[in-house]
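Note that the chains take the letters A, B, C and D in the order they are written out, and that residue 1 is the start of every chain.
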């Protein structure tokens, strides 16, 4: 069985040697190791994939020992994922279909290995896609008056289905701090600009007005400050004076769906870590 | 002889037909035509390259006729450049050598067809490069106290040498409105960020702090508002958590020199027009 | 009504002036003009969008006059499309779903304005997608023995439905010269390499074996020589030693679908012309 | 003192743990580790940066022990570089100045930390640049008749100056197997195409004839087969039908100099390993 271990802790000499020695002693074979040191913050980060003979190793024993031998002494934050775990992803959408279609076609062809217990939207426009893919669809309208009640219903659904992380596939609604706190670094948004330029509403209009020659899209974890969370992935494409706002939007759609799907795949593969509002993205 | 004509005027039916008919009637052969309509502002833009038998045509007559037959009736702003004109470019630099070396090596291999009457700097650090290329170098220090006097000396030099446009090749000083007014849309700056993100000082530090995955460089015409002038050219490159600020700066240098040189070439080839703080960049 | 006129003819002085004068005299307003001269071949190309008051103009009269006044004297190849025409596109697929899903979701959101009378495949694997989108699906298996018969059935379908152009959305079968001759420059293929590198079968395997650092995808018109037709669009993405062949394939899928959809949109918008096995792509 | 160790050996369990344990036991602190496994060939690769207290460690003892404790048992090919070593780079050029200027300006601003004992050319065209930068210049003409003699002189120079690696900065001559054998994976070439497309002479002309929409440049280690050596770095830029061959060449120059300088920097930083005619490029 394959395991992925993510670690961060204060930097000091000997961590790699200790961890790899431990894995080896436990009968694991390290098949991938990547590490990073944030010199400013003096923090060490590591991602480690190992193979174990799953019939032999008891992973609860392994975890206990890792905690007492390594995590305690080195003051580590860490977690371990088994390759057989399949995360549960909720999709929040609004009226645009491109990111939803893109994610679902990847899901359907096993490029994105998750369960999708439901799709949720504040509008009914995309219900037909949920039906095409036979995924439960929940319509929870959101207005200024009903926002609190709507979010209560959302949380009930998220908990009922045991959701691990949420993807805002052009959901277009601001997520409340209460919900963010329940899913720290587990709500992935796609913003249709090259952040930090053009945060907030109507970024393509703002980019057009400024006369930029390149537009972008940014996928990030949602934090309380709007469009200011840790960036997972960005990409850009060229535009010119000959492009109208509608052209910016059309070109941007291709960026949005590609960038969001890359971010979702990185998240699922446990290749992201967050520290000080920035990400480490392992290769 | 080849001429390049740039026109903008209120949009209306028949402009292209009238202008091309006029050129044809005057004995010119149109070898390139590109046009753009700004629908929001209802403004028509055109760039036209034509070949004339220079022995036959009197260009001052041509200009007079163009003005009375076309420019007057259509309310055109326009100008015409002859291919034999060679613009005079002043280079303002400070301490970084990469943009200067890049422009001078292109100048030296005739990729950038200009005259460079002088290089000006507020420091002596790059004087040796001016000597390598045998171009006059003027050292005009700038302090808070001497800024007005320094700019007076700059203007004297610019006028003495009949400079057509100024390139700020990482000059690192803010240009005063008085000087900008003398060279409207004729001062080209390179800013070391993907504008409008990270305008102002230390953009690489700001980009690093934000944790972006892509950095950029922007060349623009200088206007009174800092880093807010019409964008001529932008480009980007990827970065990751593994890059330190020094790496951002090193990667950025390559962007800066390429983006600046592209902008300078577009300007020299009369492929840029400015309207409403945006550029039209002809192909 | 909006018309798009495409012209090519031997280059000579006065063409632009004559054509734009003609359009103007016929009551048309030129809203876009782009032109190109192939100096080697001495051929002139032009694309022209004009607006006419459709109640007034008789387009058959217009065409006759254009032919006698311009096309005859200038020896033009030309055609004209009315904006209300909606081309009929046939989709040929095999087993991969990503290009098909991508095109259909664009079709569904009116980004690609065509009719899709049917989807055809040599396998049944993607029939479910045709059903999701309620588009007729024809299963025509192809073996070495049945290839001639299969193509006969294909042609019958193409003619029955009045198909204008064919998109090979990863069809994976070689098209016979007979079929290509019926649809010259109207069969669009997506090849999963940066042509001319890695033409033919298994390009990702070949790219992996060569150790390239960038992979690409190429959309082109199909000609008799395999993967050697006029290139419409290309794009690339970076890879490294850490990517396995499966990673090349996954990254490539995103290129393929984006590049193919761009090519299809250029074709539909009449922005492509073909000459000497190369394309002119108007902006 | 900082050391960089590069290792490859047959893959097996326990290598990382053994190596990092050894470094730790010897008093080293690992500050960077990256590893790769070629699953097809079953080969393990690792790059390791460590800090040692240079007053305490004897590096010759260290090497002996590393060899007996690790390299022998694991059947490793390995080498170790001390950060204070400064490699000696010879520059071979012909008539184009852009790559030479680019490398020298980086050299001059300490971006490329090497010694450059001499510049060698078969023409005198760029001698002036060597003079600008006060670097010895050797003019060794090459004709079909004198090629053997010329190479003999080259080798004498290379050996006299103790050259570590050679950069062909658009040298335009084929290197003989005899010279390649003396500098295996230590001769870096820049080829002006996106290899393997357009190997050999006049790639821009070939790219123009094929009508590609993207051109590239490739830096690779020189092997006996022309333009077929291990690729270190590639990059691309877009072109269109409107670009003439001269435009391809001008756009290509920017690619060539950037790609070559990246490859040179990777080589100097010991971030490249070669196996089976492919490179591993460490981050």
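We adopt the following convention: contacts are C-beta pairs under 8 Å (C-beta built on N, C-alpha and C of every residue); 3 or more make two chains touch, one makes a residue touch a chain.
For clarity, every value in this text was computed on a predicted model and none was experimentally measured.
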Joint neighbours of chain C and chain A, given as chain labels: B, D
Maximum centroid distance from chain A, chain identifier (CA atoms): B
Separation of mean Cα positions, chain D and chain A [Å, integer]: 37
Approximate Å spacing (C-alpha centroids) for the pair chain C, chain D: 42
Two or more partner chains touched - positions in chain C: 240, 242, 283
Complex contact set, residues of chain D against chain C: 36, 39, 194-198, 210-214, 216, 230-236, 240-242, 244, 277-281
Complex contacts: residues of chain D adjacent to chain B: 96-98, 101-102, 105-106, 108-109, 111, 132-133, 240, 242, 250, 253-254, 258, 261, 283
Chain D residues touching chain A - in the complex, by the definition given at the top: 13-14, 16-17, 20-21, 23-24, 29-35, 37, 283
